[in-house]
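We call the chains A, B, C and D, going by the order they appear; numbering starts again at 1 in every chain.
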């Protein structure tokens, strides 16, 4: 399955109708510009977005469990059945024990779910590449939500991440995130070797999500 | 809002179509026998079950957060918008810090969500009654999933829980759980002073969920 | 055993020689002013301070475990054997699940260790009083480390905490903390009904810990 | 600093006087057989063992923190000051988030503490080798405490772990653990390429710890 170039993480900011509006905006950009854009909504919105749009829907996290007595946990099978095609893992707001990451990637593979594992720096990115996820998203936590783009403020982190991950596991796609807010930020990230970007605030706070997503997608095209 | 007499916790056992079948069976019993039965499915199934049945749907857990940057967490607003009318909290398989329980109950109240806080013994039940949830479900962990009913094997725990909770907060409804598998177990629990029961395995493992749920509902009627 | 009026929590600020100096200063004040002062140092310093001073030494936390295969956990028996006479529990920097608090208090009682359970507000204080600890320390987290004393800035929290806890479990001593930094703050806390105070920064940052501890002890005497 | 060939993890099994007896037995073997043996006791016993024996003492865990407001946490500086020369990290009974492992290794290096990071399988071992600890201890959790030695029951895990780690970071020493209980088990582990062993039960349950440790040390010599 093709990996998206842009992953919009809705975090716990928006849900329901508003989440669907953003998904519809992303779908429109996808159809017009041909850039694959994924959305990671609240678990409760996965089915809603998957049934009503044609873009890939990701879970924000899955637990490394099999069906059983796990009240309140996120079952990978349930996420898949609801229509998700992949999942984020180890986001800095939802960090995981190392053996949980390994097991969650395994469980996702058994079910054909794409995995994008988050990492706070190039070393962690290299370490998790051992588990052979589909993608790794490097996000310096100090820039998340700031609007100061990692690709402009810390280009060396983008370059290092790409090189380090590739040296250990060349198949893994490298995403970058933190502060990505303009088409220019996206363009720069891809020029530095990233395959795609992971972002939240820029789209969530945009008055016109369609316009913002289109701008970001154009950043992919212009490179 | 009326509290259900029977809460079926689907845990991470079933999801999607199978979860909907069980919900439909519960709805049929509700319409025939007039006993209110709630279901607590995976988060991803809340909307599916809420839109397609008339029985109350509960989340298995919510996180004590407000809308914001909380990737992978369970936002109470999202759970509510998806159609849940309430939530379990502090299940023995998803235990919470004491201040998280307090905050989660507050957040649920702000949104009009029913709260059923789980407790492993009468003392914890009394302690959490201070936070004024709608219900407290006492489940001795050593009996969960065994088929040995708390109401038969440890009737004094049911009685103590009811008395202890009522002494501290008379408004709170007391549920019991762990090993409840027959109509007789339900009847006995209510005779001992419980308002309702919380169960999982008996329904999940039943060949005919409708028949099993009907039997359990009859346990409420016979008392 | 008599409970201390002042508990100095060294947190992870100081250790070894510096911790011993503060303990010696507290011991001197105790001998001169007759006010019992306890110290809660790093685990690794419990034995050092217990063997070299006559003041009561507390652990900052214990885990709710029995001797066994628990690498890296804090065994209550080990803490006791090293010379601690008590322990803090559920500090806002080391929060515990509700059932862990219950179990840790039980384990401490089996070993004759004093328990002081921390709470962020009067409701949590009331809830944990159900577990019958020796003391409860109410600390509004927003004031911890600020130097703005809870007894001056939020006197109603001190009063409410004392009343609420006493209404549920009259034997439990109520401590208050957060921002306590002068003898005046201590005096005020005790006037409002607190039995004692829990503090850290004021002593840790003091140029002359002896002088600061003496001032705090005089706050107890003056009331 | 030379790394020990045998690390005895006292877990939460023994403490105080009994811990010191085992440390004395290990010291005697060290002096007689010349095999360096380390002990990882409860935090509260680090100073006691470090001051009264000449063998290296390890913490069972450290938290990835700097001096500050961290009540109840394990400060690396305090562990060092108490006499520890190193620490275990990420033991299967005390698992860590991946970024905590990275940070804890960094903090230990700043202080000159040896780090032995535990891993449940060769992939996790490879992943953590990226953080450049001094050693990695591979322990299949299903064999811990069983007396069925990993070196006999799963020799391929020992071999794979050594090869995998060396391929990524040749400087790192590989330890194996789980079920190691005889000199023969030790000998076999080293023949398979391990640098040393990590064990607990065999020594803790031994009637004569000196005799058991001598037997284990002879396993190192015989290879």
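What we mean here is this: a contact is a pair of C-beta atoms (placed from the backbone, for glycine too) under 8 Å apart; a residue touches a chain by one contact, two chains touch by 3 or more.
Remember, it's a predicted structure, so these values are computed and weren't measured experimentally.
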> So what angle, to the nearest 5 degrees, turns chain A so that its CA atoms land on those of chain B?
Replying inline: 180
>> Among the chains here, which has the CA centroid at the largest distance from chain A's centroid?
In response: C
> Taking shared residue numbers divided by all residue numbers at the interface, is the value for chain B and chain C over half (same) or under half (different)?
Replying inline: same
>> Suppose each chain is reduced to the average of its Cα coordinates; what separation in Å results between chain A and chain B?
In response: 34
> Distance from the CA centroid of chain A to that of chain C, rounded to the nearest Å?
Replying inline: 44
>> Quick check: how many Å separate the C-alpha centres of chain A and chain D?
In response: 37
> Hey, what residues on chain C touch two or more of the other chains?
Replying inline: 92
> Can you name every chain pair that touches?
Replying inline: A-B, A-D, B-C, C-D
> Which chain D residues qualify as touching chain A in the complex?
Replying inline: 90, 92, 95-102, 120-121, 123-124, 126-128, 130-131, 168
> Which part of chain D faces chain C closely enough to touch in the complex?
Replying inline: 9, 11-17, 40, 42-48, 60-61, 65, 67-75, 77-79, 81-82, 88, 91-94, 144-145, 200
